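Mind looking over this structure? Questions follow.
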Amino acid sequence: MSDPTYKKIELTGTSEESIEAAVNNAIVKASESVRKIRWFEVKEVRGSVAEGKVHQWQVTIKVGFRLED
Amino acid sequence: MSDPTYKKIELTGTSEESIEAAVNNAIVKASESVRKIRWFEVKEVRGSVAEGKVHQWQVTIKVGFRLED
Amino acid sequence: MSDPTYKKIELTGTSEESIEAAVNNAIVKASESVRKIRWFEVKEVRGSVAEGKVHQWQVTIKVGFRLED
Amino acid sequence: MSDPTYKKIELTGTSEESIEAAVNNAIVKASESVRKIRWFEVKEVRGSVAEGKVHQWQVTIKVGFRLED
Amino acid sequence: MSDPTYKKIELTGTSEESIEAAVNNAIVKASESVRKIRWFEVKEVRGSVAEGKVHQWQVTIKVGFRLED
Amino acid sequence: MSDPTYKKIELTGTSEESIEAAVNNAIVKASESVRKIRWFEVKEVRGSVAEGKVHQWQVTIKVGFRLED
Amino acid sequence: MSDPTYKKIELTGTSEESIEAAVNNAIVKASESVRKIRWFEVKEVRGSVAEGKVHQWQVTIKVGFRLED
Amino acid sequence: MSDPTYKKIELTGTSEESIEAAVNNAIVKASESVRKIRWFEVKEVRGSVAEGKVHQWQVTIKVGFRLED
Amino acid sequence: MSDPTYKKIELTGTSEESIEAAVNNAIVKASESVRKIRWFEVKEVRGSVAEGKVHQWQVTIKVGFRLED
Amino acid sequence: MSDPTYKKIELTGTSEESIEAAVNNAIVKASESVRKIRWFEVKEVRGSVAEGKVHQWQVTIKVGFRLED
Amino acid sequence: MSDPTYKKIELTGTSEESIEAAVNNAIVKASESVRKIRWFEVKEVRGSVAEGKVHQWQVTIKVGFRLED
Amino acid sequence: MSDPTYKKIELTGTSEESIEAAVNNAIVKASESVRKIRWFEVKEVRGSVAEGKVHQWQVTIKVGFRLED
């Protein structure tokens, strides 16, 4: 069977800088243990507040990667 | 990189007693193999029926835990 | 044709005790007129308030049962 | 104009015991400052985990009350 | 009763710079009148267009804060 | 900071006449205590039944208004 | 058991006049065979077009009624 | 009153062959007891697995039919 | 190939009178440039407020029309 | 600017044979007037019924294509 | 504790033939590493287009399997 | 008839830099062929991954513009 199958896992990345950095942090982390990551989908953006401003961005994504044949 | 990343997995816990017990059963089971579980989110509540009443509660949750650095 | 077909009906059960009791009340009631109920799915949980606390749980479920051949 | 208008506010109640207790705690708290609460709708059930089991139920509800004429 | 209750309010922050700035503007504004803000959830991102490019980011968030005991 | 922030509140207006009247009743009521209402979004339309026909329209809306600088 | 149970059925009412009339037509029709209808919820509004304008409103509602003890 | 009213019922059809066959099986079954079925809407596709492959398709549909005048 | 294909476009119609008029205005406008419009689906109802009451209804619809063979 | 932009249009394809054929019919039709179609997303599956079985599959898809630079 | 717990994973299966084949391909692939798969739920159907027709079906499913005691 | 009608089209903008840049790229592109663009709504944020980090942001938006009288 040569039709590829992909798996999607759900991660929450965090950053004190930006939404983009939180997403990238999660993907960098996932790449330590998963190969062939191809795409991500942002599912939720939330965060914590401290001293009356945004303290941390928490971005939940799904990450898709190809399963090895 | 010190910004933590979390992973979320999806489980369906069951119980003949209550919704709360079904959730707790799933978390106890997950704790056998995953450390640092922090939170859960209830996604679906359903169940089976036998002899005209509720037989088993089936509660699907997402469980979030911190990935090791 | 031997592939079974199921019908789903929507009920709102009520109870002054708990969510579980409201679900069970609806299933017991449905069992008076429908046979072969197999499963339920919780669709909405709401309720009424009296004297500053929860008075009645109102839980809407879908109930699935097999149609007779 | 005699047609009543209702306002809905969103609260997250907590409890270490049950979903029902978390809802009731939020309604009791809201009743300290709002009169004529009539109904609630459960919007989200989540919670925290400690030592491998459920530690706290966190239930978000909308609470509806009648605005004074 | 010592279980905390949280209230969530819905705000739309705006900025000509970025999504992050629009969120932060709303939280800074809310902090003028609400204490103990703990978290936010992004619900909608939209904006206005002028002269063929983005003019203003309009980001709707829910902001959660603890009610005083 | 001159970027405006808006707040959205949720109301259920009622009318025995029409959906439009129920929405307008809620906005007129809100205008008694809130200034600078700019827009509304219809979230739910429901109602009560009496004597086999519609008795009352109940329309839930979100109302957006600008927070004072 | 004295806790009431309600059943919800789904109907699509039609009218060439208005959304309200389409809803009311469905409720009047349902009242021919169902007693104790208490409430309705609008689920979808659509319609047909003829000669470049709205020809018929088609409004899908859920209708709730109390099951006899 | 000549504006037609339609009723929608929810069924889950099954088949070991295909999604289309599962839908058709449900409609054929419904036609045994309901006349004037006009349309269907697919709401959910799921199924059971046996011996490492799809065993049965379970397709939930809503079926609309005209109520008799 | 004789199986018809339909295209759906999304429009926001406006009216100071009613939801129905806003929908109809959008369909009349679309009919200036598109032939064979068959149906519409209401997707969102919102509006602007002026002087403490509804000023303009803004109704977003999808409009379906048959593509020419 | 060399970052590509894509447009998505919404089509309803039909077939008396299968869901797949309905999708393919819509894409073949779209390809008559749009170049560089890259992907599609299935949004809704419904159909008409005649003589107690499925008569026509109606599948609504979004079709994405690259805009010319 | 004898109440079973299930885990759900998310996969995207692909096929140039049909939706059913794409689902089955994902399940066959998952069965290489997971035992006791019991059910699946279709979450999304999309695909790629080449030369003006469907080239590949991409079907995202959730797959449920029982965790070992 | 002087009530304005708006059309909404769906675009996916891309950028290797940020979500904001992807949105802006789509709007700049749309402005080449459409006049009177007034607003946009973000519908989906996803992207591709290369070498273990985010490679391209893909942001789907709806763009609203006024139809000419």
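Note that the chains take the letters A, B, C, D, E, F, G, H, I, J, K and L in the order they are written out, and that residue 1 is the start of every chain.
Going forward, a contact is a pair of C-beta atoms (placed from the backbone, for glycine too) under 8 Å apart; a residue touches a chain by one contact, two chains touch by 3 or more.
Predicted, not measured: the structure shown is a model, and the values here were computed from it.
Shared contacts of chain C and chain I, meaning chains that touch the two of them, come down to G. Number of steps on the shortest path from chain H to chain K, with steps defined by chain touch: 1. Interface matching across A-L, J-L or G-H places the copy of H-K, with more than half of contact pairs shared by residue number, at A-L. Separation between the centroids of chain B and chain D, computed from CA atoms only, is 23 Å. Centroid to centroid, with C-alpha atoms defining each point, chain D and chain K lie 38 Å apart.
Annotation: 21 Å between the Cα-based centres of chain D and chain E.
Shared contact sites, meaning residues of chain K that touch two or more other chains, fall at 9-10, 18-19, 28. Chain pairs that touch one another: A-B, A-E, A-K, A-L, B-C, B-D, B-K, C-D, C-G, C-H, D-E, D-F, E-F, E-L, F-G, F-I, G-H, G-I, H-J, H-K, I-J, I-L, J-K, J-L. Contact residues of chain F toward chain D in the complex are 9-16, 21-22, 25-26, 28-30, 56, 60.
Of all residues in chain I, only 1, 3-10, 62, 64, 67 touch chain J in the complex they form. Every residue of chain B that touches chain D in the complex is listed here, in rising order: 18-20, 23-24, 27-28, 31, 37-42, 63.
Residue ranges on chain D touching chain B, taken from their complex, read 18-19, 44-49, 52-54, 57.
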